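Labels run A, B, C, D and E following the written order; every chain starts at residue 1.
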Amino acid sequence: MVDKNNQTSYDVLVIGGGIAGEESALNLAYSGFKVLIVEKDLSVGGKMIHLSKVFPTLDCSACITTPKVSETARHPNITIYTYSEVKNITKLSEQNFSVTLVKKPTYVIESACTGCQECEEKCPIIVNDQYQWDLVARKAVYIPFSIASPRVAAIDIENCILCGLCEKVCPADAIDFTQEIEEIPINVKSVIIATGFNLFDPTVIDRYGFGKYKNVVTSMQMERQLVPTRPYNSVLRPKDGKMPDNIAYVLCTGSRDETVGNPICSQVCCMYSVKQAQLIMGALPMADVTIYYLHIRAFGKGFEEFYQQSLSMGVEAIKGKVGKITEKENGNLIVRYEDIREGKVKEAEHDLVVLSVGILSNPDVKAMFNGNSIELDDYNFVKQVDELINPAKTSIDGVFVAGTASGPMDIPDSILSAGAASSETASYIRKHQVESSK
Amino acid sequence: MKAEKGKTINYMKEKRTVPEALKEKRKEDAKIKKAILKSLESGEKTIPQISEEINLPTEIVTYHIYSLRKFYEVETGEIDDMDEYFFFKLKKNK
Amino acid sequence: MKKKIGVYICHCGNNISDYVDVEKVKDIIAAEDGVAIAKTTMFACADSAQNEIIQDIQDNNLDGLVIASCSPKLHLFTFRNVAERAGLNPYNYVQANIREQTSWAHSDNPKGATEKAIQLVKAALAKVKHSEALALQKIPAVNTVLVIGAGVAGMRSAIELADMGSKVHLIERTHFVGGRTSQWSKLFTTSETGEEIVSRLYYSVLEHDNITLYMGTEVVSNSGSVGNFEVELKKTPRYIDPDCKIEDDTEFENKLQKAIDICPVEVIDEFNFGLTKRKAIYKNFKSEFPECPAIDAANCTKCGDCEKVCDGIKLDQKEEYTTIKVGAIQLCTGFDPYEPKDGEFGYNEIDNVITLQQFKRLIELCPDKLIHKDKEIRNIAYIYCVGSRQVDGDNKYCSRYCCTSAIFTAIHVKDKYKNINNFHLNRGIRTYGKQEILYHQSSSQGDIYLQSFADSPPVVGKNGNTTSIIINDILTADKEIEVEADLVVLVTGMIPRKDNSIGNILKVPYGRDNFFNEIHPKLKPVETVIDGVFISGACQAPLNITETSKSTLSAASKANSLLKSGEIELEPTIAQVKSDICNWCDKCTLACPYDAISKIEHKGKQVAAIIEAKCKGCGMCLPVCPENAIDLIGFSDVEIETMIEALIE
Amino acid sequence: MSKVNTNFSTDLKKYGSINFNECYNCGNCTAVCSLSTEESSFPREMVRYSILGLDKDIKSSLKPWLCYYCGECSETCPRVANPGELMMILRRWLITKYDWTGLSGVLFKSLTASIVAFALVAILVIIVGFFKQFNTEALLHLGHYFEMISIASVFLIILLPNIIRMWWFTIIKTKAKVNFLSYLKAIWDLIVHMFTQKRSLECEEENTFRWLEHFLIVIGYLLLLFITVFLDWFATESKIVLWSGYIVSALVFIITFDFVLDRIKKNKEINKFSHPSDWFFVIWLFLMAFSAFVVRVFIDAHLIDNNIWVYMVHIIILAQWAMLIVPFGKWTHFLYRSFAMYFDKLKMSQ
Amino acid sequence: MNNQNLNGAPKILVFSTEKISDPAIDLAGLLKVHYPSTVYTINVPCSSAVKTKWILHAFEKGFDGVFIAADGTDCPYGESCSKLTGEIVSVTHERMKEQNIDPARLKMAAICSVCAEAFAKHVKSFTEYLSKEKNTN
């Protein structure tokens, strides 16, 4: 939503419109601060809006995110720039940050688009749909996903063949190919980094065959398959559309592994895998689900109970890290692992293997603070300089961190961390106001 | 430079050229789409059946058929007797 | 009843008009009773259309507005705003969803879609006819927060609230601040000590004019509701003259020390978890805050010996009661460590079996050599999940912090003393996130990990002079492995405070694990069903210190946004009791999740009344009323029933 | 029941400097290992035993010998605990356990002791030379006999008893029931494995070249032994023997040179850690071939009479090899591994 | 069964909830998941606010079926929602029996905010059931 008033100064800049960014923005907005959210993607909602049901309460992620998204979008104190990035942030003095934003062109006039999808229907180009993690295609002009906010079309110019059909059919005259990159200078009193995380790319681990074997999927691809707005009509194998009946989960893919440069635990994979296992058992009652784990990290409120429940539902948990995966002619996969309890190496056949990929830092942050560089920790997450008492404090006064930008965490923890960031931001602004008025 | 409203595409055409690879991919995709839709004209089929008929790997058929489903051109029917593969059919009213 | 209603049917480009015959809809609606204007429009949301609607409302003095267009989720607020700008009450606007739920849903059936659109517009018309003009209600609120518990959570929140401009009453049941954290030395993962953290927080608390700290104080009763709670506090005396200051007064300090020396009462020192004893007048450690010692009323025999050597001691101090007015309450009452049962892994039966908490105090008490019961300790066995993840017991939950805490302690011990061997007998190490590095560090330094499943826990036994533990180690193919240990540390988890009566006073619900329960872990993680009462820290669930800070700051932020403006906005769509028909039966109060219904006198009988400040407008009380005496504003019987009639016509 | 013994792992670290305590028992090493089977899974079991100090279980196990150090387990170990190198360390440890003299232990654990031993042998040879007044003919003659005697005695006095001890620990003590006929039936495997080491080909990674090198070096070494000792290469006039001697020594020389280079470059997982015993082995092998070559060249060029020191160097190297590396050093791998395969076959056949 | 609409498809009244199930019904439209056009929706804050009186009124006025698209466990007002909605249904079923209305004409299911296909499936099968009933009567 472009600001109606062409405002150029805000109390708080929130970088990232995921759940952590929104939660902190809302808290601050309700306390009367003017907030600008900058989101690099086409829609706010972050990763959470794409998830199916979430542990341990199994409530649907969209049911929690979308009301929050619309509350954010509607709040008079919040302005949102989507498809925009922070180019640089310079701290001039306390409570005075000069920021340059870059608004990328979508070639669609946001205020005019009604989200009717006429253009999408006519567009002749298909491209991998990043929001369905490449399981199906989208068009070159497209609405990101059905519950996107804003729910308007955008043109992927890299994949556009410039046929102009979209412009011809748009009933609202919303297509505008003359849009250019815009640089917007603004001033803010403080900054919240809520840039979230990246997922581990399993192609790094050659012996798991991701990319090579089509029936080896990531947990995010499985997550999409379990959502009502899923790419297929059921949980299916991408190789041949067959309904699987024996699914394996490979935990610690890219976590707790020095050889891929990520020695820390991703904190969420155990639980989301257990959750997906429960959902699969609901969706495919005949299916067997096996989880290959190192240690089940069911540490949060209600997590252990949730894990025990999945075991009683029939999920099989085997202690042992999967060493390698090989494909059979029929697309089934042979998983080789050591059954730790027996101390024996074993092979098991599954018809779908899910790699429970870990959480990595989002490296975008570093480049935003070119002048007074922000300190990162050993794993390239934003460093919490006073972790115990001021968990949102960073190496720059007036810059705070919320959610997974500071390390792996689950949704409840992200929301709490966002709460902490908002209150630390509020007291920072107020403290300096009191000081300057003295 | 001002572009005429409703024909801003001309502005973009002057600025950008479309890579050949993209055009090639478009042709290829269109060919696959046509083949799949044609194959379905003779009745409901599963992914392995289509794959065999049009001589394309099942993973490509899976990708395209579900994309077509997303764009409301085909729809899913019943599952086969073995509870393994779904049938697909052309969508009548889009 | 509204008589002059404007109805607009939107084409939405072709999105609606392709499947719905909008002209037909308009013609039929134009003929309806009370319709003053009926029009179609290309894009109702376009600026020009909005202006036209405003013009129409003003020119024709319309008293109701219906727009049939897309889903209200998209433009309800846009059009309410249009109504408002035209001088119409926003609640006299009703939107009919003829795109998502009509033209798009039935694009396969244009005829059906048109019919449905007509019915939906008629229903919207019926609703608008009976709609009431509503205004946002506001009640004044005190920007003061009562924070209960002066541990890390409580102090941290008090400071933040004060920083954000709230007044804070911070109360602590004991005579010293710091709670559990002051009992721990080095803390993961930053290696600061508990003492450092507590003193940092304590000085910040003192610095703040906005914070009033009450020691030895607890809540006795509570009344009122969000924005305006009235809380009665009871303060137990410290028996030390409040004017006496220990700083810079070594003479007074010496007198107090004499008083401690002379005190004849010796009791078990809870601070050291029973490892040592203390007097009835006591201070737990040198730099404890507040700096003055306190007299433990429960154990003091009032012999008066101390008064004789120290004139600052006043044994005649009495309990005090005060009532304060606060807008919100934050519970930060913390946890208790799990106390193993007698014989649980040899606890209280074998003399070198202690809990992790005791062990941490023991390390503090042993500066150079680790000595327990006169024996130097070299081999330490840690048994994990004691009191957590119980198969037979009540505590099914994982206590979250203990794995990391035990590992961190093991690293610390090996660092501090010579020739230590650590053996970790665990049930699967849960050093989540970056804490994994500590696990790695401990393995690299040679700590040995052995693991068993819940069904075959390790067995602690005395074997002559040595204590040995036998475990079926699943990491060694279930081989039976024996570990000899000089000290067995039971890694005990967190349980809710044994005395959690504050929960009953505030009516805060407990979860299945008996910790205080939030409304929803993601939507409202620090809020309780009692509006204005927040929970944070380990009283809600086991948490480590960083997580405690996050949760307590979150709660502070929520309390601040609630009270900052000095008034609380209430939902206009709340329940209403028709007092005349109500025959108090209590069913509605049971159904209400927010405790928003009270019993009042009305015309000589007992009836239910809605507490507006608490009602969220969910309507759960409506169907349970046997007399149909409750209505929800905006969803009254007449509105719903006329809508039903309009839909079936 | 087994008791944890933390001293064992401290002791084991003297046989190689890696921290296998970092292992968190994920089992990845066993799962990626192509040689590991359901009946015989390793290396994690050995890592576990090492950490817990279950030395008896290691001593009775053949698994360290079943490992050919493909290196994949170490490359992919998430905690970088180097299971592959630990297996190597365990082999060293086992060699000392099999060795009834106890000398292996001293040599493996202490580099100083090794250097002293090498020096002593050298001095001994020089003293013998001195007594023979460095007479070429006499020395060549003596050298030839020395070779034959030392091979026979090392084998009979040291290696044979050690093999019997190994058999005792791994077959008898584990109460494996093996009937006499299986001993005979499996003998072919013993010979095949001894000469081909073909199991190392089962490593996942492409390593045929490494195997070929190994194979050639075994064959080359044995041929060289045969040619010098039994065909008396230094004293023969037969053209065939002469030339095959040259070819074989050049072959051994080239391959060992490549080995040394690999260990210096450390770009393969198996070369990342080099114990002194590994260096001794490859360097002495290299020196042996090289010096033999030089000696023969000197003989053919009729320079040997005036340069007897060339032969002295060769004979010193030879003596060190035969008296230290063969009975107590890495050479024994060749023997124990082959016998381990043999014993394993026996155990499997029961 | 009085007042029953004898010609045409059976009419179904859906009680949806503002935050959870109504977005799902919107999404059905968005995704072109079709269902009979004789399905009408009335929006309430929470499914546990639906009065028996309203349901009976709908039957009386001629609706063939009533479907409560409940919040289930996703209800923003708390856990008791599912239980209370269930009670409403069972109380109403009793009243329907008293009035000789087939209790199967009132259905309830939890519909999450993106459960568009589930919603369409429910109302489709409900419609089928009701038309069968209608024809046999």
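Just so we're on the same page, contacts are C-beta pairs under 8 Å (C-beta built on N, C-alpha and C of every residue); 3 or more make two chains touch, one makes a residue touch a chain.
All values reported here derive from a predicted model rather than from experimental measurement.
Among the other chains, E has the CA centre that is most remote from the centre of chain D.
Of all chains shown, the one whose average CA position lies nearest the global CA mean is A. The busiest chain interface, judged by C-beta pairs in contact, is A-C.
Computed from the mean C-alpha positions, the centre of chain D lies at a distance of 81 Å from the centre of chain E.
Averaging Cα coordinates per chain places chain B and chain E 37 Å apart. Taken residue by residue, chain D touches two or more other chains at 24-25, 45, 79, whereas all remaining positions touch fewer.
Taken residue by residue, chain E touches two or more other chains at 23, 27, 30, 32, 76, whereas all remaining positions touch fewer. Within chain B, the positions touching two or more other chains are listed as 72, 94. By the touch rule above, chain A contacts chain D in their complex via residues 207, 252, 256-259, 294, 319-324, 336-340, 343-346. On chain C, the positions that touch chain E within their shared complex are 71-73, 97, 99-109, 112-113, 115-116, 119-120, 123, 519-520, 523, 529, 573, 591, 593, 616-620, 622-624, 628, 632, 635, 637, 640-641, 643-645, 647-648.
Residues of chain E that touch chain A in their complex: 19-20, 23-24, 27, 30-31, 73-74, 76, 112-118.
By the touch rule above, chain A contacts chain B in their complex via residues 107, 120-121, 124-126, 135-139, 157, 159-164, 167-168, 173, 175-178, 214, 231-234, 236, 238-243, 286, 331. Chain A makes touch with chain C in their complex at residues 27, 30-32, 54, 56-57, 59, 64, 70, 74, 114, 116, 118, 151, 171-172, 256, 263-267, 295-305, 308, 319, 340-344, 377, 379, 384, 387-392, 407-409, 411-413, 415-420, 422-424, 426-427, 430-431.
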